[in-house]
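Chain IDs A, B, C and D follow the sequence of writing; residue 1 opens each chain.
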Amino acid sequence: MPEIAETAAEAVSAVHSGATVLLGGFGNAGQPMELIDALLDSEATDLTVVNNNAGQADAGLALLIKERRVKKIICSFPRQADSRHFDEAYRAGEIELELVPQGNLAERMRAAGAGIGAFYTPTAYGTALAEGKETREINDRNYVLEYALPGDVALIKALYADETGNLVYRKTARNFGPVMAAAAAHTVVQVEELLPAGALAPEAVVTPGLFVDTVTVIGTDSGTAAAKEHHPALRSQGSKTTTAAEGA
Amino acid sequence: MNQGLSREEIAQLVARDIAPGTFVNLGIGQPTTVADYLRADQGITLHTENGMLGMGPQAAPDETDPDLVNAGKVPVTELPGASYFHHADSFAMMRGGHLDVCVLGAFQVSATGGLANWSTGEPDAIPAVGGAMDLAIGAKEVFVMMSLFTKDGTPKLVPECTYPVTGLGCVTRVYTNYGIFHIDDDGERRRPRLVEAYGLSAEEIHNRLDVELV
Amino acid sequence: MPEIAETAAEAVSAVHSGATVLLGGFGNAGQPMELIDALLDSEATDLTVVNNNAGQADAGLALLIKERRVKKIICSFPRQADSRHFDEAYRAGEIELELVPQGNLAERMRAAGAGIGAFYTPTAYGTALAEGKETREINDRNYVLEYALPGDVALIKALYADETGNLVYRKTARNFGPVMAAAAAHTVVQVEELLPAGALAPEAVVTPGLFVDTVTVIGTDSGTAAAKEHHPALRSQGSKTTTAAEGA
Amino acid sequence: MNQGLSREEIAQLVARDIAPGTFVNLGIGQPTTVADYLRADQGITLHTENGMLGMGPQAAPDETDPDLVNAGKVPVTELPGASYFHHADSFAMMRGGHLDVCVLGAFQVSATGGLANWSTGEPDAIPAVGGAMDLAIGAKEVFVMMSLFTKDGTPKLVPECTYPVTGLGCVTRVYTNYGIFHIDDDGERRRPRLVEAYGLSAEEIHNRLDVELV
């Protein structure tokens, strides 16, 4: 059973300085903004962050970078119209960048979660992003060796959790969540609602509870949108224990 | 000078040439506009790298959903028969060769189908790749949309890419304002073949390119 | 859109002699028995079969082996109380056996579906099943190199398909189905019911339609059991196009 | 001769020692009986390799479901909080170290925690491995249940396995009819430590084993 954290601050207390933190989300969808804000309010520094991007505008990850608390970022697409804090830190030589093609990034975390030490991927063969890496020809195709990318802590966002930690997501907000939950030693999830065990249909669970260590309930736009629909994982007999409004 | 086809006309040609019933990924930017010209009777299923098949058109301004976006982070819609999956599964679909076509933009395409579209290689540029390299090597066919020449007239279909490559030997077709090229493998090597010409004659295109065409 | 086959015989016509055939199921759960029976009635021979087991009693795969139409079997657990046809063929040297630990078997097919050429797995390191294989130490752990295992055709069983080929499964009958669907060049599925596009909730689809080539409707015990429940993937507004009773 | 504990008593000890709130896989055969002695208040979640967490007890004869079986293909039940997943995901859970404990039977366990439980190594035997090797190296802790001696009195806790191994250095505890052994890593090497003795004295156990105990 996961720990239920009353506040986002408590939920992110597992992130220690020097940790590798996997941050979920693709754009705003699935981004655990409130957990990242809590991380910003914490003392944690000297972080290695894995995220698809490198922060946008003056919020969340961008502010962590602005405060120089991210020593290294592992991502696929740092440069964006509003990535000015990353751009500045990078040009100043004050942040290390490991640029990884998006699919290799996802697969490296998937490998970490699945106990695979390394794998041969065709992506990036012959490009600058494979320079210095081992290659191998298998059945007339060329591959690059990539290693598993585990995290100390994952901060992700899901739609519903049940008390056993089972998670379901909403639409394209699923993105990196399930992969990061499995790849991290400690997984922290912000959800719109926490439901009793048995409220989620076992066929429709996306992230089984054994990947989840801490759950905290935070209402966002996703919950508002979900309230207008019937999510298929919700069993009709499942009554809600904590709604976003009642919760932290 | 005759500019050949407009961007919209190129997108129309790409849409015309995508086989019915296929699974297609349209890259960010110009390739996204191909969706505007796909006909419902083609039965094309669109994939977006952030975890969805069966993506519908861009969402109306008053019907956007924060949890339903495409690879460009633009709000989109869901069609009947859609499915959602996580990022590792989404890129497994590409890498595993399950997508029939992806459409990408390019700085350059080489005569053997090498693609350069992720970096200008300028020393002070901040690099960013996203899903470009995964898409380039993943789909069964890679269609490129680009102008055939830069503004100063330099060809973008080149003997070898001078920009950093995204993938080797992966492009199968190049849709440009002056013509459509297929890059076929004749068993010995891959070479471009001019299939349709627009605004310039085939001979003029041959003369202006430093690439041997079939 | 997948082809809808009227009969099991038509559905398995994609299996040619010499093909590598991935057969789903773990015990009876998820086993496409009617497709295997149709394969038995076909002319296909000289097959390489991938399945967790090597046939039981006097049915399905066991009979294919009895008829010496399986030149090689790749499986994790051939020996069972009622695997007599395999035992006999094996002792006679008339079938080749590639024994693979169950998780490596699943992961090798997963790699094939995901475009991964090979991967380093800790399973079987130091055992007889890793003899002659490449090994590598990564972060103080020992791994064995295993290669992707693709199929020419997969024969699997699911609960429902929609007209776009999306699949959902029932309970532990899911097992190898999703992995094999992605690993095979051509995937044939027997389902209890075929539903219109839109009848399956996109959040609850397990195998997206792009992995599915042929669907045929065959009613079995699974459908009978499912009829007493509400499967979470079924949208209430989805009306059924073909039920098992009406179908082939 | 005193036989020490019965199989049921060994299963009870294993059940007693599984930490509350953990995720556990019980191997086929004798280990399955551990489930009979787990208390509800321990909050143990059972994993079955064929794709389920939250597995409940064996199904009553009139309530079996053809699509709900355990790794031994025996009909089982589903508990609240259960989830289903495919085979690659199921074994990823093991291999990725997400299960806290697995319980396995054994022919032999070596002094350094090597496990032999998949093959007798007889030349005419038909080999079969199932999920044994995946489980052996996957769980954070591997508990073995076995008799300490064969019927002819040969120890099964041995300096080195003579049977073909399932995994190296993976066993953390050995539950036998005569005693419980923990195989700890003292920083230099792994060695068994006799934690509890039954039916025989600690000295008798030491004398009958060819293994150096801590």
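FYI, a residue touches a chain if its C-beta (ideal position, glycine included) is under 8 Å from a C-beta of that chain, and two chains touch if they have at least 3 such contacts.
Since we're looking at a predicted model, the values are computed, not measured.
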Selected interface, A-B versus B-C, where C-beta contact pairs are more numerous: A-B
Chain B-chain C separation of Cα centroids, rounded to whole Å: 34
Where chain A and chain C are represented by their mean Cα positions, the distance between them in whole Å: 32
Between chain B and chain D, centroid-to-centroid distance (C-alpha), Å: 53
Chain A and chain B: spacing of chain centres that average the CA atoms, whole Å: 29
Residues within chain B bordering two or more other chains: 52, 78, 84-85, 88, 91-92, 94-95, 138
Chain C, residues touching no fewer than two other chains: 107, 114-116, 121-122, 169-171, 202-203
Overall pattern in which the protein chains touch one another (line/ring/star/complete/other): other
Full enumeration of touching chain pairs: A-B, A-C, A-D, B-C, C-D
Sites on chain D touched by chain C in the complex: 48-52, 65-69, 73, 78, 84-88, 90-92, 94-95, 119, 124-134, 137-138, 164-168
Residues of chain C touching chain D in the complex: 26-30, 52, 76-80, 83, 86-87, 90-91, 97, 99-104, 106-107, 109-110, 121-129, 142, 169-179, 206, 221-222, 225
Chain A to chain C touching residues, read off their complex: 107, 111, 114-122, 136, 138-139, 141, 143, 147-148, 168-171, 201-204, 231-233, 235
Touching residues (chain side chain B, partner chain C) in the complex: 21, 23, 43, 45, 47, 52-54, 78, 80-85, 88, 91-99, 138
Residue ranges of chain A touching chain D (in the complex, touch as defined): 1, 112-116, 162-164, 166, 182, 196-198, 200, 202-203, 205, 208-211
